[in-house]
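In the two complexes that follow, chain A is the common piece, with chain B as its partner first and chain C second.
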Partner chain A sequence: MSNGEYTDAPIYVAGAGIICAIGNNVGECITSFEQGTAGMGGMTYLNSLHKELPVAEVKHNNKELVVMAGMTASTSRTALLSCIAAREALSDAGIKNIDSLRSGFISANTVGGMDKSEHFFEAFAVDRNAGRLRNVNNHECGNITEMVAEQLNLRDQVTTISTACSSSANAIFYAARLIRHGLLDVAVAGGTDALTKFTLNGFNTLMILDKEYCRPFDDTRAGLNLGEGAGYVVLVSEKVAASLPHIYCRFSGYNNSNDAYHQTASSPDGTGSYLAMQGALKKAKLQPADIDYINLHGTGTQNNDNAEGTAITRLFAPHVPRMSSTKSFTGHTLGASGGIEAVFSALAVKHGYVYPNLRFEAPMKELQLTPETSFLKNAPLRHVLSNSFGFGGNCTSLIFSKA
Partner chain B sequence: MKIYIHSATAISPQHTFDGALLEDLVTYNTNRLQVIEPPYQDLLDTKLIRRMSRIIRMGTAAAIKCLRDAEIDQPGAIVTGTAYGCLEDTGTFLTKMVEQCEDLLPPTPFIQSTHNTVSAQIALTLHCHAYNNTFVHNGFSFESAMQDAVLLLREQEADNVLVGSADELTDISYQILTRLGLYKKQAGSNLDLFNTNTKRTIGGEGTAFFLLSPTPSQDAVVLEGMNTFYLSEHAQLSPERIAAFLSVHNLSVEDVDVVIDGSNGDAIEDGLYKFLQQTIFSALPVIRYKHLCGDYPTVSSFALWLAYSIIKAGKVPFSLHVKQPSAKRILVCNTYLNKYCSLMLVTK
Partner chain C sequence: MAEQKHITAWCSIFDNKVVKNGTQLFDAKSVGINEFVVAVYKHLQVQYPKFYKMDNLSKLGWLATEVLLKDNFDKSSYAPTQVAVVLANANASLDSDLKYLESVKDGASPALFVYTLPNIVIGEICIRNGFKGENTFYITVHFDAAMIHRQVSETMDHKAAACICGWVDVLGEDYKAVLFLVETNKEGIPFSETNLKKLFESN
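Right after this comes the complex of A and B.
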């Protein structure tokens, strides 16, 4: 518990890192957007029987990721992805005197070392004395964070958040608050999740996985595609920002609100999403008309897109901003999605990018919302809103603003 | 800003939910202590009780009771810590996935396996749209949730915060943690935990919730301070660190009436506490508590509940074998796996 004073001082995004199905780093992801190349495909690395389901895998096996991350061979894929993206973010920020600053790692994930645990379980389910323990002793979500914090030498505040698909958006805004309380100068914040049989089968039981490539906000949408990856931003205080050669943008608004409607389904009028977006605007002291682009949660399920679209219409109509779901490229990366999309949003503000919403043909009948379908550069974007909504009604919106 | 604890509830392997404070201790002759579930009918909808797994039931019920005790209808925020999340459902889904070869799996265990299920079910039960967060950081899951709660109050984002923890020990996790070497090889009475002179500890589980706010009230207990130390070769819990923690609050060890320490019956690990008792705590009565609830990653929430309850009751229960009849200021000093250490200071 700090004795620091809380101030509403500005927080800046100084670095960004991503690994996901459309690229091993930020540059590769932007190239994929430019070329309109989505990351979904058949299953190559995930060892599930549900081969009929497209997934958005990171295009490397664990052996290759181990080399890229510089971690030990038995490390969970969740931690490998996390380490690669977080390290990119940190090196991108280029903070020279980081050892003399208070630096933290606030990371999110939803299933921890489940990729290893489910392997352990194949033997354990048959014989309680079987299964290699090293495959299960990093099952906890927190272990993933600790391993990466250790690698990156981030020590002053290290914690893990898990609120389903909004996890890493919550991690980013918690990190910003830690800086505002004077507990940190620099925070690497975001999240990670590897594809696992556990989540694939779980989402499959809910019957919300599309056998085709997902079509967010389209009238014919039939579910989501699962993806994997990690995305992190480096948040810094005003003082640290002043010492850096480049920053992306200001992180100006955030809110978490609960839909309090159903454990997995969103309310028809999108109460939680509406409250989250409204709360983030209020925090950033902005009006709806100030938002120039929305990076949608946009999973491609009937329920999410309807609720999110309804909430957007309620809040923004008649002047609805440009919008798109980058999940049409990356798939739904669950606990990583808020981090990955925060990076896309920060880049959008900096470079005026608006990302295409692939495979969109016709707006949802009940809502006349048409996402952007081509890649724009140099669009005049003052403020970008990023939505992340998860199970348990957990709705988070973040706002990134021109510095 | 002063932070007050207005109510505290715990469901644990002892009778902690209702009635007299630890008057009759429950004895276990196993290394696995399980919570005593109270009747939930007054707290939760009957249909919900049936559908919820144990951790969700106990967490949600403890939270609802905590709010009732504080006479609050809607909290300004809900923050939960859990190291392992909903293990029963996770284990069920994993087992079925293997046994049924990924075919015809039931959705409910997957839905309820999500780490934020307890926090979400509290919101759902209360129709509460406020901030809702879940920390899953091993032995600091509860402390992280507490820190978030305190920060929210300081930001004036919430008038009050419902904060707590929940962790369950299931058949599967008990078997795995036993194989990982966490628990004693031989079972004895939990009440003899500190006389075993053997390595390792006993497993436990539980939930505790607290209602925090910056507004004083008649029975409220002040949370004066909290700090965490990640123990490594660089950072050990030392008398100097404890003194430094107290001095931040302009206090010294003489101002503390009772210490609640995190001894867990491991002859080696408890050496830390023996050393502290010979040094900084030499003049202080020390309460040990892990024989009551077992050891688990969010166990410090039980210790905070105990500290709150002792101050509120105005007496230290006889069953804790401490000469001190009452306490106004208690220092809670916990360690988990000799790695996660937290200090919490509460006062009348």
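Right after this comes the complex of A and C.
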């Protein structure tokens, strides 16, 4: 097949990697789900005045992450998390002849090297000749991706997508399109974001952070908890998939839609989310009744859950699939969330996992949607839908299907 | 082969005057920017209460677009995804950033915070008109006609059939907006770097 020629051939998920507040790898995350152990808590590593806000931190300081990632001591936490999760995904896929294939790294993030920039400005704000420039060198989102791509020796297509909370879901479907157009054989795709003062203060300004642990889709929900982490899937062409001992599932549908309603809010009737889910179903040539589990965007804010729930009701009622928000475990990892949740969704299809929605007590009055509250194994899941909706109305839905 | 592109309308809001296609439509002497933009809004006699919530950069870009498209732009002849917006300025959203920083002292304001990005003005224009085409905001020290010409040509040669492009800049009391409507297969001034530059400087 020549370059740039589109094909509808299936794309497969061949590997998965994660680091987040509930585990340093895929196995640890699943154990946390099984045990119902959430990742949020008091602030340990983030140096912020807002200690009253719970956050879902990766349970390691930068020094430890540097060792785990095998990168230099001055590396941004965003890149360290990315490297750890992307390497796990690659090694999980176990593609032996990867050097002879065209491989890409499509990685999303929203904070770039902001953690290091904040560190730089502490000194620089006091004295214009102070502060180490090496701390601002990799401020840009793209630099994070480039550094990790070099570590992992992924060279043929390296790019960064930054579209707020739908970033890594968009990275995954962009990667799939590169494969479908015959430009790549293998792509490590997903995203990363580290907690920073910048994001915490921004979300705090919008008054959408809950001082308690978040309660997605619950009537008493009062906001989200920020988290951090990275999540990647390894997408491969049909030809590469055939040479591998194991694959997770097929990546069958994707769509990005925008309701163009408000800078930081979804339209109340969930137009963007509805169009994204509907578009992904169409791409996968599926009907709503074919979806057996929805991994919700489910941030726990009034606005998101209401809009997302409205859109789900409109599209699926009266046969609403099982659903849950894994952000009740991981917090909202922003640019990483679509990648992390794509991994959870791929594992769900493969093993029949349905993840619990923690702290759910009462459905939203106006919607009557009840998420799953216990961890299920071996549920018969044919197709799983994963939602990632971002600021600016940037809504993305992905569908993972039994191979 | 790229289709013929023409500047079918242009508009400037600068020095307390609103000018469209070289003709002055409105002026309000010796008022500050805050009063001036509201005066222009009232002059246009449109109902869009959200206007009052916008920051000055968005107000300025929004008003310039209203004037630019009024009476000569047939929205129904384009699909929403066929209309692109390419804007640039020198001061990004610094005007709102500084106001936001000031507000942090008494509890940060979410209403100001959402305007602390320059491309929000594009969002306001697109929300108003239902445009869903490609959009980009560039920060350049001066109006760079070559860059605007290149970027607009790029998007119009591939996707967009119409594009609103130009300059929208605000910092304190200093402001300037010069917008161009570029369309394919319509009468107008040939879309070129030279003509962009000439029209920009004539304002």
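The working rule: the second predicted complex is superposed on the first by the 399 of 403 C-alpha atoms of A that agree within 3 Å, B and C clash if a C-alpha of one lies under 4 Å from a C-alpha of the other, contacts with A are read in each partner's own complex, and residues count from 1 in each chain.
We adopt the following convention: contacts are C-beta pairs under 8 Å (C-beta built on N, C-alpha and C of every residue); 3 or more make two chains touch, one makes a residue touch a chain.
This structure is a prediction, so every number in the text was calculated from the model and none was measured.
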| item | value |
| --- | --- |
| Simultaneous placement of chain C and chain B on chain A, clash or fit | clash |
| Touched partner set for A:L206, first chain B, second chain C, both or neither | both |
| First (chain B), second (chain C), both or neither touched by A:N378 | neither |
| Partner chain(s) touched by A:N258 [first = chain B, second = chain C, both, neither] | both |
| Touched partner set for A:T163, first chain B, second chain C, both or neither | first |
| Which of chain B and chain C A:Y174 touches, first, second, both or neither | first |
| Chain B versus chain C as contact partner of A:G392, first or second or both or neither | both |
| Partner chain(s) touched by A:S100 [first = chain B, second = chain C, both, neither] | neither |
| When the two complexes are fitted on chain A, the stretch of chain B hitting chain C, from 145-153, 181-189 or 217-225 | 217-225 |
| Doubly contacted residues of chain A, that is, touched by chain B and again by chain C | 201-202, 204-206, 258, 260-264, 392 |
| Chain A residues within the chain B interface of the complex | 1-3, 6, 48-50, 110, 112, 117-118, 121-122, 124-126, 128-129, 133, 136-137, 139-143, 145-146, 155, 158-164, 170, 174, 177-178, 180-181, 197-198, 201-206, 256-264, 271-272, 275, 390-394 |
| Partner chain A, residues of chain C touching it in the complex | 108-110, 113-115, 117, 120, 123, 126-127, 130-132 |
| Chain A-facing residues of chain B, complex | 78, 83-85, 90, 93-95, 97-99, 101-103, 105-107, 110-117, 119-121, 123-124, 126-138, 140-141, 144, 146-148, 150-151, 154-155, 172, 175-176, 179-180, 223, 225-227, 230, 248 |
| Chain A residues touching chain C - in the complex, by the definition given at the top | 201-202, 204-207, 258, 260-264, 392 |
